[in-house]
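First comes the structure, then the notes that go with it.
To keep things simple, chains are lettered A, B, C and D as they appear, and every chain counts its residues starting from 1.
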Amino acid sequence: MGSLKPVEASATDGGFFATRADALVNWGRKNSLWPMPLGLSCCGIELMAMLGPKFDLARFGAEAARFTPRQCDLLIVAGTLTWKMAEACRTIYDQMPDPKWVIAMGVCSSSGGMYDSYAVVQGVDMLMPVDVYVPGCPPRPDAVIDAIIKLQRKIERERPVKSLLAEPVRDDVWDEGHGGFLRQPNMGVSTHRSGEYVAADEGEEA
Amino acid sequence: MSGLGRLEGAFGGVEHVEVAAADGMPCVEVERDDLIALMTLLRDELGFEACTIVTAVDHFPREPRFQVVHQLLSLRHNDRVRVHCRVSEDDARVPSVTGLWPGAAYFEREAYDMFGLRFDGHADLKRLLMPEGYGHHPLRKDFPHQGIEPDRLYKEWDRARRHAAGSQG
Amino acid sequence: MLTSYAPVLVLLGLVLAFAAGGLIASDLLGRKRRNLEKASAYECGMDPVGSARIRLSIHFYLVAVLFILFDVEAIFLILWAVSAKSFAADGVGGLVFAEVSGFVLVLALTLAYVWRKGGLDWDR
Amino acid sequence: MSDSGMQTRLYELERGAVDRDDPLQGELMQLNMGPQHPATHGVLRLKVTLDGETVVAVEPVVGYLHRGKEKTCESLGWRKFFVHTDRLDYVQPVLNNIAYALALEKLAGLELPERAQTIRVLLMELSRIMAHLIYLGTTAIDLGAVTMFFWTFNEREKIYTLLDAWSGHRMNNTYVRVGGVYADLEERHETDMRAFVEQFPARIDEFERMLTRNRIWYDRNRGVAPISGADAIAWGLTGPNLRASGVDFDLRKRQPCSGYEHYDFEVPLGSDGDCYDRYLVRIEEMRQSVRICRQALDRLARSRGAEFLAEDRRYVLPPRADVGRSMEELIFQFKIVTDMALPAGEAYQGVESSKGELGFYVVSDGTSTPVRCHIRAPGLLSIQAIPVLAEGRLFSDMVAIIGSLDFVMGEVDR
């Protein structure tokens, strides 16, 4: 296996080899999204209903719900995330191998929902970058399936080959420099724009 | 308001004050020192085998501030009784009933967690619902609904992790 | 003589190629992003308490050994079962059967011994 | 973490029970059956200390789903808290609504029309069936019977569609109001519900044929974690967990509310309170719920068109049409919508939920801001009993014990 130099494809023209390889890798990834069902509260029951016979998630290749983050690539945060659970949720997100995506199922994980109380995280995107937000309390299973379809379309547009053969990244401190808080509580608009993450309190560290 | 019914004269000298309750349940208010005596009497003589509720109510502007509520259920006679006990904030200590009903342990831990009431004689009194290092008692009336810096513990944990990771890198 | 083994060897090669190929491709192609958090042990979202390298009770070892013992016995029985017909054709079927049943008898004795000494039931 | 109680227990266990220096004995291992675990049915964390396969000590840690509902009730007000009561025991949303409404009506001293009570009984029994189906589905899949998950969720989908057609939402349908229900049950809803109720007993027989005499299910559940009646009462267990130990106490019979005295049904009892008895009690309870549903549907058929909402204008919104026409109705609606005030006093109403006695202790000082709304969670006491049931048993029995206690973290953590 000679040393395949990653093709220096610029953002616009992908070059024939890169775009075809992108399409192949993306096709493989989007049709086998293994969900990590973080069923916290009522959305967890709708999540189970979605894996059940009527709204069968197997049609999208995503029914292999694993409970260990090592074998999952899609974290579905289903329910109300509290500050006590936030540490466990962030640890599970970190322990998932790359590439990984996050769906914030329900209004509680998207924005704190009906709980503006002392114990509820005001939106999971304060802890980790979220790819698809699903409104509803709980959202109907077909709404979450629609979110998975949107995620698959988002995966189709990614360009993985550019960084596939790259050297392993040793970012022990934090992956890609984001973390801390992506969005201040009750700020409404998320400062998280896909691509550049703004680490809220990066500056304070020693 | 139906009175104490079957419990009318049965309190054996524990001085108590009858309290009117909207749901017609016999309701008694007792001093903190007689609480255990009354509870033992209720359980042994009057057959209240189960303890349904141990909680507190914060009447903030009015003193004494906390009102500890015990509610018992008698399966044999199929009736209930509620016992109140007023406690002020600076000396928020109440004797624990886990000796009589082991099932009341978590209720008392929750009352400690939410109101800051210490239960003497409780085996393992620590927070039940809030994380261990949490500094406040949320259900007190003077505690804001959105909480005081709710993400402090997460930030500390987050910073400690990054520090450990950073020093390793 | 060797040719009769060719299909088995080809199959073995294909299997190894498929397995090794998958591993090497994913290792080579996959984008690696190592960080301390990803390497930490997974324990339901919590930090693990204490180390996992501790002395475990002897029973685990005992059960494992017993399993290996009777598993190997099964392997030998399979070998015999596969070629039972050819033994019968050569006329030594009865003799081989006696040998095998002797082998099984010895192992049955060990099973009885272990059973009586209580090696099989779990709690001490 | 100052779990001093836990450490001393461990120290005694280590020194007392077994001589640790003997090389044949293994060391104790600390393990987190953590907040994110398929078998803990929600975000419960169990700090388990194992000696090889045997559980030496268990310490449940709850609070990972504590959303501060009791505090929210004090800031939202009585009327708006109805939305939050759905999310308490989220496998049986309507039953929590009804328990909360009954507590408020008891405090207000409000009398309900006949049809409203019947609709509520029907909804409570449907919720009980939904909750027991979730128990059956999740416990069976934890112990390996994957088919049960699909069968039970198939039935649950049918109930979802019933409630969806009637209240507009599959789950968390905030459908109960102080004084009755939001809208009447039309005839087509009743026929759909009757169709479901007719075919459901056959499904229960299917479940039983699959599990009751199944060798694996029987061995994993029979004789696992028995608890005597007296211990169950002392530890505060209620509902199916209590009746499995043979204690005949069902609030629907002993302290009936919302008209339960008009229905005849039996209360199933277990014998020695182990996981298998809890399973049998819940299966039989589903059958009894079907009987109650049939009787409720008959009563509804007789009282079609009757009043389904009380008339007391201090607490019940006037019909939307009248508000446009008369000034009093407009004032009533304005007063209720802005700040519905309950008379001063305190009241407790316990309801037989699928998990046990779900109670609301409400205290009001006559104004519109509630003084206290304490929610008594039966699941919290089931979790408190886990150390009593699980210590000394094998670690794999923990899955059967947690499944058979059937708690939901939403009501435990509030």
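Heads up, the rule we're going with is that a residue touches a chain if its C-beta (ideal position, glycine included) is under 8 Å from a C-beta of that chain, and two chains touch if they have at least 3 such contacts.
None of the values given here were measured: they were computed from a predicted structure.
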Key: Of B-D and A-B, pair with higher C-beta contact tally   = B-D
Query = By C-alpha centroids, what is the most central chain here?
reply = D
Task = Could you put a whole-Å number on the gap between the CA centroids of chain A and chain B?
result = 42
Note = Distance in whole angstrom between the CA centres of chain B and chain D is 23
Remark   = So, in whole Å, the Cα centroid of chain B is separated from that of chain C by 57
Remark   = Cα centre of chain A to Cα centre of chain D, whole Å, reads 33
Task = Mind pulling the residue numbers of chain C that touch at least two other chains?
result = 35-37, 44-46
Message = At least two partner chains per residue is the criterion; list those residues in chain A.
response = 84-85, 87-89, 92, 117-120, 170, 172-174
Remark   = Among all residues of chain B, those touching at least two other chains are 130-131, 138, 143, 145, 165, 168-169
Remark   = chain B residues touching chain A in their complex are 130-131, 136, 138, 143-148, 150-151, 153-155, 157-159, 162-163, 165-166, 168-169
Touching residues on chain D, where the partner in the complex is chain B = 1-6, 62-63, 66, 68, 70-72, 74-75, 106-107, 109, 233-238, 247, 249, 254-255, 343, 345-350, 357, 359, 361, 363, 371-372, 374, 376, 380-381, 383-384, 413-414
Query = Residues of chain D touching chain C in their complex?
reply = 23-37, 45, 47, 51-54, 394
Message = Quick check on the complex: what are the chain B residues that touch chain D?
response = 20-23, 25, 27, 49-53, 55, 57-59, 69, 71, 75, 78, 80, 82, 101-107, 110, 114, 123-124, 126-132, 138-139, 141, 143, 145
Query = Can you name the residues of chain D that touch chain A in the complex?
reply = 34-38, 42-43, 63-68, 71-72, 83-84, 86-87, 90-91, 93, 134, 137-138, 149-150, 153-154, 156-157, 160, 170-172, 409-410
